[in-house]
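See structure below.
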Amino acid sequence: MAHGWFGRKKIPAAGAGAGAGIPEGLWTQCPKCKEVLFAREWERNLKVCLKCHHHFWLTARERIEMLVDPGSFAELDGSLVSANPLDFPGYADKLRRHGEKTGLTDAIVSGEALLGGHPLTLAVTDAHFMRGAMGSVVGERLTRAVERATARRIPTLLVSGSGGGARMEEGLLSLMQMAKTSAALARHNQAGLLSIVLLTDPSLAGIMASWGSLGDILLAEPAAQIGFVGERVSAQATLGKAPANFQSAEFQLQHGQIDLVTPRKDLRDTLQRLLAFAGNASAGAAA
Amino acid sequence: MAASIAEIERLIAELEEQIELVKRRTREQGEDRNDAIQALEGQLTRLLEQTYANPTGWDRTRLARNPKRPFTLDYIRLIFSDFLELHGDRLRADDGAIVGGIARLNEQWVTVIGHQKGRDAAERHQRNFGYARPEGYRKALRLMRLSEKFHRPIVCLVDTPGADCSVGSEENGISESIARNLHEMFLLRVPVIVVIAGEGGSGGALGIGVGDRVLMLENAIYSVIAPEGCAAIVWRDARRGEEAAEKLGLTAHNAHRFGIVDEVVQEPLGGAHRDHDQAARTLKTALERHVSELQALDTDTLLEQRYARFRRLGVFQEGPAG
Amino acid sequence: MAHGWFGRKKIPAAGAGAGAGIPEGLWTQCPKCKEVLFAREWERNLKVCLKCHHHFWLTARERIEMLVDPGSFAELDGSLVSANPLDFPGYADKLRRHGEKTGLTDAIVSGEALLGGHPLTLAVTDAHFMRGAMGSVVGERLTRAVERATARRIPTLLVSGSGGGARMEEGLLSLMQMAKTSAALARHNQAGLLSIVLLTDPSLAGIMASWGSLGDILLAEPAAQIGFVGERVSAQATLGKAPANFQSAEFQLQHGQIDLVTPRKDLRDTLQRLLAFAGNASAGAAA
Amino acid sequence: MAASIAEIERLIAELEEQIELVKRRTREQGEDRNDAIQALEGQLTRLLEQTYANPTGWDRTRLARNPKRPFTLDYIRLIFSDFLELHGDRLRADDGAIVGGIARLNEQWVTVIGHQKGRDAAERHQRNFGYARPEGYRKALRLMRLSEKFHRPIVCLVDTPGADCSVGSEENGISESIARNLHEMFLLRVPVIVVIAGEGGSGGALGIGVGDRVLMLENAIYSVIAPEGCAAIVWRDARRGEEAAEKLGLTAHNAHRFGIVDEVVQEPLGGAHRDHDQAARTLKTALERHVSELQALDTDTLLEQRYARFRRLGVFQEGPAG
């Protein structure tokens, strides 16, 4: 699996995962255990802390590079960009700032690729861009990726790093993306095709109440925050007595919501077994 | 409007009291005070018209949350007959925040499902203030499948501040329960009519909100986030809900403008809470029309149109391929 | 609804429901509130206590007479009788004794009838006969009733008064009746037909883990004992802290397992609404 | 047999120890003690043959419950490759008493599901001693549907004293969860092979026990009620389980006689716990044969035969119409 994913080009900032005060480039600090890590080693370890196994955030492009067969990814629908249908104050500016910061046109990258030789479509949300919140562009790109998989009778892989859930700046239109993406998955499912959802830190709210919960298989990275109510809202809600691991991947596993908690290094192997199990859908009608 | 809705509602209540008083005196003393009554009633109507001529998003929010507004069980009682409530998710609980059952709309058997808020303290507690739990969404899905099995249309009445977000609901898969409903509602082979009747609170509303037609009462609200929650995030001040309500575009008018709602159902002057019977009659007429239109479609067309209806929702720009 | 169900012929003994020490015939005593009831009045009240609403046990024949349109019931498969395949000690004798006591050939009566004019098949287990435990004959008669409903494309109504669950004297053959009856219901369900289960006191164990839980609609009489583990077994099991209403109809309602708790006097009305809702299956393909 | 199985097992253990001792000396001291070893091994084989020539139902019960017997995860490890365990019912929990996942049987991908008992105290607790909860049956059903979606055969390994009957399981619908599985397993459009591998405890066993073929290991038991429970009811004395075991006909031989089991799978001499590898090899061969036979059938025939297989179970007399 180690084909030097992060050695080949300039690494984007690791966002919320990057330690503060440590000169970037040679060293990075683990925000969880505070260990100072040699950057090349940390990158070779898929941006997982060598000491405490903390899984740092990845950008959507890093994630794709890590998961799919080298050189196989072809991006689609990159030309879709957000409008500001409600003239929500500050939204246009926010979009521009986040675009500049991340080099993305919105909080998602989607396209086609091969994984272990299996063709699939994929869509990956990126928490560095407005915490991955789902507006019209996220919903549309993801829906197109799923629809394309249905049309081509291939699996789809959806990766969530969507801490914001819905994008309130787009109001109800944002909420409707939950229905739209679920509709696309319903058709993909009805066509007998495999969908896999990978939940990474953070995966919350509207994402989880729609496509984030709708894979045939749900995988999660260790310790990823996964839940219905986001941080700020939950601080206002009466939560009752929450267990220590509340809304962690492990909590969701224990409560039957996900199939597996899979360390980053095992993801490709796990995905390949699942793809092999599902087989070739177009030839799969034999019992 | 300038004056706060609270002030104006106090004025309205005073006028109504006065009218009632004069009417009682007329009855008791036999004197003809019709002129006085008509004058007062005219005054009331003008005040209502003035007040509700151009209500803001925040006015609507207050109307949508008015505890005297008709709730799901009120609409069921006033619109349908032979209602038989059915309980339970067949898994672990019966959630009081969502009710459902079979009933007749005139001669047509249907399944009716809706969020239910409580009117008094005890019922509010029993109904969890209309915040539905996973068990509620799963009960709803069970009843929808029952309806599908017997080829009966489904009517969903939405009236919730949002889905329950307690630790218990997280433990029992609140996200999954809503997501599952979205998925399954696109596959139901019978007509589904959704009515945003009061509060349409985010995912908790949408969890029974996928249909062939989505109607919305004039003063109902439908929003991705409660205005107070939005204000808390944007301005870190939950008290600026009024401002947020305007920005969020949570009114029926706005929802209709973006194709999220197919039809705005008129309410009695001053709001549905002022005349339950009239509100129910208007809604019933709309339901009759939509049920009959949808029943004329063959199932494949129905499902195709339902998909297309939601598929086109979203506003974005598409540049040259980049 | 009141068409004098119990006034017309000799009333069979009310079994476990009948009070001891009160001369039978004119008077009966409520085992729950101890009220002494005038028998004719109690019978007119469908054998429900006039004071505390305790629902006495009914025999299968009383139940059928109470539920279906007068004169419409035609019994089927009455000629099936139990064998003793394991040569279980005392079984043959027990069958004979219970047969004499109840006038039944086994713990079930099945057949066809009309209910509010709707044709249906029905099967009613009788707790007076070996507590309604399901042996080969119970399983076979019930399966045939369901299969006949499938063939005729009509609803089926299954009434449980089966406190014993499985009939251990028939060993594994008894267990297999759970599978057999469930199979018949799966086919009936798949054919788009309505099945209603009415759970009366007591409904336990193997019944509940098969056909007793498999109706489209599950109704229960008030305060009926309904649960997975029967009394004697549960006394041995570590039950933890059981609530006061454990295994009652109301407990099961609260836990989402049944649709409705319906007083005996409302059963016919409720059933008729459900039958009307389900409509005519053979003509029902229109959306 | 006359002596108690406990006594004989002590004898067997002593003999095995002796053989091991002589072998070690041979290695250490280089002397040829093959004659002695062969004599002792012959003695052991005769003892085992004698002991297990005609075991009673109670002997089988003890063997089936032997904590050293291979459990589901042992069989999975020894028979299948690329096993990927999948968790959760997608409703509220992941039950440790039932495990399941995808795996390959040689080149064929299948889904394997089974009850799992624990070997040490901690695992026994985690597995609830193999007493499955509603969440376990619902997880099993979810995985079966996944397998059906991708046209993969299903193998179920049964090894449970019974379903969990705690208050919690009653609250979460243990009856419904088993009943639902019975219903759904008759509709699964892929081959299902059930193996009664250890204890087949009543409804808890049957809850994953409906299939096109039901195999049963030679010393496994399958019973409508635990012998001790039966004794408690019949004689009001749970200690008379040995007697009850005979009456209940809970052996593989009996189950086969009544058509409840299609094939009895031979165990290594003395029981599967004496040689996990050998037990797994025999079972694997049987599974290969049945999977390949069933895959040759078209789906309608498969479902028809599954129905017919269970439909004929039962023994009764049919007199002239009465």
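First chain written, first letter: the chains are A, B, C and D, and each begins at residue 1.
Just so it is clear, a residue touches a chain if its C-beta (ideal position, glycine included) is under 8 Å from a C-beta of that chain, and two chains touch if they have at least 3 such contacts.
Since the structure is predicted, the reported quantities are computational estimates derived from the model, not experimental observations.
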item: Pair with more cross-chain C-beta pairs in contact, given A-B and A-D; value: A-B
item: Rounded Å distance, subunit A centre to subunit C centre (Cα mean); value: 53
item: Distance from the mean Cα position of subunit B to that of subunit A, given in whole angstrom; value: 34
item: Inter-centroid spacing, subunit D versus subunit A (mean Cα positions, whole Å); value: 41
item: Touching two or more other chains - residue numbers and ranges from subunit B; value: 90-92, 171-173, 176
item: Contacts with 2+ other chains: residues of subunit C; value: 255-257
item: Touch relationships between chains, expressed as pairs; value: A-B, A-D, B-C, B-D, C-D
item: Parts of subunit D lying in touch with subunit C, wherever the complex brings them together; value: 163, 165-176, 178-180, 182-184, 186-187, 202-203, 206-207, 209-210, 222-225, 229-230, 232-234, 238, 247-250, 254-255, 258, 260, 307, 310-311, 313-322
item: Contacting residues of subunit B [partner subunit D, same complex]; value: 90-92, 134, 138, 171-173, 176
item: Interface residues, subunit D side, partner subunit A - complex; value: 82, 84-94, 102, 109, 135, 139, 146, 149-152, 189-191, 295, 297-299, 302
item: Of all residues in subunit C, those that touch subunit D in their complex; value: 78-83, 85-86, 88-89, 105, 135-137, 139-140, 143, 166, 168, 170-180, 182-187, 189-190, 205-206, 208-214, 227-229, 232-234, 236-243, 246-247, 255-257
item: Complex contact set, residues of subunit A against subunit D; value: 192, 194, 216-217, 253-260, 270, 273-274, 276-279, 284-287
